[in-house]
Amino acid sequence: MGIRVAVAGASGYAGGELLRLLAGHPEFDLVAATAHSQAGTHVTAVHPQLAGLDLTLGVTDAAGLSDADLVFLALPHGQSAAVAAQLPPEVKIVDLGADFRLKDGALWGKYYGGEHAGTWTYGLPELPGQRELIKGSTRVANTGCYAATITLALAPLIASGLADPADVVVVASSGTSGAGRSAKVNLLASEVMGDLSPYKVGAHQHVPEIKQATGATALSMTPVLAPMPRGILATVTARFAGDGDPRQVLLDAYAEEPFLHVLPAGQWPHTAATSGSNSCHLQATVDVDSGRIIVVSALDNLGKGASGQAVQCANLMFGLPETMGLSVFGVAP
Amino acid sequence: MGIRVAVAGASGYAGGELLRLLAGHPEFDLVAATAHSQAGTHVTAVHPQLAGLDLTLGVTDAAGLSDADLVFLALPHGQSAAVAAQLPPEVKIVDLGADFRLKDGALWGKYYGGEHAGTWTYGLPELPGQRELIKGSTRVANTGCYAATITLALAPLIASGLADPADVVVVASSGTSGAGRSAKVNLLASEVMGDLSPYKVGAHQHVPEIKQATGATALSMTPVLAPMPRGILATVTARFAGDGDPRQVLLDAYAEEPFLHVLPAGQWPHTAATSGSNSCHLQATVDVDSGRIIVVSALDNLGKGASGQAVQCANLMFGLPETMGLSVFGVAP
Amino acid sequence: MGIRVAVAGASGYAGGELLRLLAGHPEFDLVAATAHSQAGTHVTAVHPQLAGLDLTLGVTDAAGLSDADLVFLALPHGQSAAVAAQLPPEVKIVDLGADFRLKDGALWGKYYGGEHAGTWTYGLPELPGQRELIKGSTRVANTGCYAATITLALAPLIASGLADPADVVVVASSGTSGAGRSAKVNLLASEVMGDLSPYKVGAHQHVPEIKQATGATALSMTPVLAPMPRGILATVTARFAGDGDPRQVLLDAYAEEPFLHVLPAGQWPHTAATSGSNSCHLQATVDVDSGRIIVVSALDNLGKGASGQAVQCANLMFGLPETMGLSVFGVAP
Amino acid sequence: MGIRVAVAGASGYAGGELLRLLAGHPEFDLVAATAHSQAGTHVTAVHPQLAGLDLTLGVTDAAGLSDADLVFLALPHGQSAAVAAQLPPEVKIVDLGADFRLKDGALWGKYYGGEHAGTWTYGLPELPGQRELIKGSTRVANTGCYAATITLALAPLIASGLADPADVVVVASSGTSGAGRSAKVNLLASEVMGDLSPYKVGAHQHVPEIKQATGATALSMTPVLAPMPRGILATVTARFAGDGDPRQVLLDAYAEEPFLHVLPAGQWPHTAATSGSNSCHLQATVDVDSGRIIVVSALDNLGKGASGQAVQCANLMFGLPETMGLSVFGVAP
């Protein structure tokens, strides 16, 4: 008998990816999946890619979730705290929402609105010391998808002194699943295919999360919606403030990491290579002409950017091998 | 120590998918991967999605392959026979090419040109009796991607007498990876995105393979190249010649099949739900107005249409659980 | 001073394409564009591709439209009759909806529901005799997008006796703009990209329209949603019932048509080549093996399939050159 | 009898777009189109979107081009000089290649290799004073596609003192037609769909052209290949060095420009809205948190980024209305 697992908010894209990963996980037994408006529906009507999985979506409440040893919350931002409050303290929780990521309540209010619910252990195992914190936690706040992509690129370079934390410019493009499964005209295939569109320019809610995780003090971020279902490509540039090779810094920082791949010199990350995996691909160089470091990172926003990362954290929380049930390799082309 | 496996023709799309599946297979140990022009190259330079796999591509010859217990041939049509001839009889082989699929040498000559190399056990386990044949074979000819999609939809309906084998019309659309990894102008992204283009109208080389596998005697097939990297959607219609429910026929035929999913009534297959998996989704109805059965099947041309199917056959050939190392669930969205 | 033109239902995709065409038309002066929920909005907030056009959307009522010499109705099915009834008889109308296409009220009820509003002149100038009827009409019912694509492929072949009207099988794939600009989950980019999905299998509402226009008596149609914003590709097969060359029949039928292009033998139509144009590309062959004619036609569902066709009809209704304001050439790649 | 026009290099994407624009131009008569390997081919075999245009591609030499009053050169970089040298001085030439754009021959050598051919009038009419220079020129060097997109965003802000010319960071994504019609594996649809991939990071050949045109002194540029056939989206950030509203600066600079649209505040450019047009959409803001101006510009790389721009220049060179034969409006969705 394995570890009993439930997913709240299973009808969205992150929820569906969680179900896929959990259905193939050797130790986690999926015992419940809940959804708001889709409660009572068979999971394959909502996620046809899971044909063969016999499961009916339940209601998101304490009764439906408390029977689990581990609960993943894949709810809209602002809804996790109420559900978490109903669960017994011994039930371990990974929250894929933003509710418990920020330490600064004022920043929460500014970017998300409403009252700050609190701060949980930040679920990015590859940050220094963070893996041990996650292992000892019963409550983990999973990273934002952009935040994971950018933090993995930036944190070691600021820590090493090579990148000026006060001069960081990011342009990051995301596939559409990052915008969620909500029926909005601007997310229609007709609008998105053949199109690149920036949004929340200079005002994205992941900026304070990235600053908190990397130590950056001034960071300009332009998010762009790209015509592909999955993937984030972040181009992170910072003033070259030190002396050294940024690629070597990444290599040293991530030498032992199973999911982080600093590519051979000259080979740049691209999103399709990470699709369906829990990997993040990285490359860095110094643009001598402009005096800036350029780092590019790519990952699957539903993998290492959300659900894969959440399973990785859960593996740590239960003392399982960190890579269990996750794929290092992308599904391409 | 597991079963030693080699892949010949590892630089193409089917080859890359084989490597991905084998790298995650519990019993198959990937010991060699060969390629023609890319020999000497690290596999991740050719398949960046496999970052983390330490393997250098070798030369496709007997020396590079004979050390294996199992060899997958993912070579251009017409090249398998020469390589197979160099391998000892105790090395088991699954050929993903067309060389050994047809029983009729004249049809081979008509559709592929050149001399017919012979006929191996046809690698579609879900055909009646075929699973046992594959288990007892050391040489298996994997299905064509269109052939698998269409045969799975059509064979039980002809066998049941519901579909008239002399009146079959198929329109099937494929993602671009089905056309291989060759640098041709008509396969450029600029040409394909936003476009649907028919090709080999009434003249596709899978037609004789489908007839052989299903018993169809007259079959019109129009293949269409679709703007997506993976997936085949086949719309198969046949004159309704009998009495009964075609969906029930499919349900009965495939009740025990782990990878074949006849969807709930009213829900139609779509390709994205099968992406990255070894599943095939099916649905059927009778179009009363026109007196025709309409069956739609969807699968991943690199999964159940090629590399996944090949691993499924290999599992059978080695007495392993048929689903080992394969996913029932698609990666979507 | 040109002809005064208004567009009702200007916020949808067909409406936007009408505005684009009318803004460049030498004789039609766009005086009003109306929309339901978007009334009061500047047109460029709804259609950013029209930046440079200074126009505010008005309310769809008699006051807003009666001042025009010509009104295009691009409303949801079932809403045209009420608006048309409020317009003076001397105002010419082209209805892009389905309301007035069918002669048989019972079929209307079966496929669309509700009461049949009546029958107007069918707006497909390339049908024999139809051009003259359109010239003399003040009320024209524009074709459905699938109907136009399939009818242009099929009508001459049935008329010539080459195609058996009782044995027609069609599989037709459409870009997403054909499904309209409504915020539905199944039309989200995340769901559509990388996907082909059939819908309304054997039950599409354009079937009676095609039968009426072509004389087909039994026709199986499977529509498929394709991952591209524009374009329809129809594969039309029919039992080869006569003696002759179907390509030559099309060539003879359309020799003088400016927008219909029967391609050189061996070259098949593809959708991207018609994008943004009012052209339809055609090719035909006999599949000897199956005894069927295969005709493929491609057009832009918003061009010759909707708005371009409507402008073509309007040109005829006002005695203008039929090609005025329309492009024969596609925007590709 | 109009102005006689020839296109050299008509088989590529920019060449095809030139033919489309010229076929609809009221004053330019297309008398010849040449191509290297495709000479002798009917144009519709190479550009199916031009079905209806009766033209056979000729050989690119003086004999084939000298008969024209105006020649567009759409040749690979480095090949224009040899062809131009063969044309009489009274034949006006617009070169879409890079050969004559740079003033500094050393920079030409560094970025393109080979000998510098010279410097022609730079074909960006919206730069201060440039329109008059183009009117008086017989030789014009059309802009690079990235260069046009970025220069239009950046030049007025540097000129106004708001943007620090020594601190510019650009990330710009292009559709695949920008990479040309060459059969390369990395441009295959299978590789590109669902993918974003950076290339020539910090080393793109348009950087010196942008610096020359804008006065920027240090500029970091990361180009990204995006999964769409057309369009460039440039995110241009620069240290906010002055006092004022960057959007107002753009509004003032481009108030009279027919093809440049500074969008309403809060509305950001996206590429699809410019597809098929000669327009460029712009928006700007100050990211207070990071102290940087963010400007986003979007255009069609084959329109305002190449062929449309070339026709605009040619209109000026012949004293025609600048917008003749060009569309302000995009084809969307």
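The first chain written gets the first letter, and so on, giving A, B, C and D; residue counts start at 1 in each chain.
Basically, contacts are C-beta pairs under 8 Å (C-beta built on N, C-alpha and C of every residue); 3 or more make two chains touch, one makes a residue touch a chain.
The structure displayed is predicted, hence computed values, not measured ones.
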Chain D and chain C - chains in contact with each: A, B
B-C or A-B, whichever has more C-beta pairs in contact: B-C
Distance from the mean Cα position of chain D to that of chain B, given in whole angstrom: 44
Whole-Å gap separating chain A and chain B, where each centre is the average of the chain's CA atoms: 34
Residues within chain C bordering two or more other chains: 13, 175-177, 190-191, 193-194, 227-230, 270, 272, 275, 333
Chain-level touch network, classified as line, ring, star, complete or other: complete
Chain A partner contacts - residues on chain D that touch it in the complex: 168-169, 171, 173, 175, 190-191, 193-199, 201-202, 207, 218-220, 222, 224, 226-231, 233, 235, 237, 268-272, 275, 285, 287-292, 294, 296, 298, 333
Partner chain B, residues of chain A touching it in the complex: 13, 16, 20, 23-24, 42, 44-45, 47-53, 176-177, 193-194, 229-230, 258, 261, 263-264, 267, 270, 272-277, 279, 281, 327-333
Chain B-touching residues of chain D, taken from the complex the two chains share: 13, 175-177, 179, 181, 183-185, 187-194, 227-229
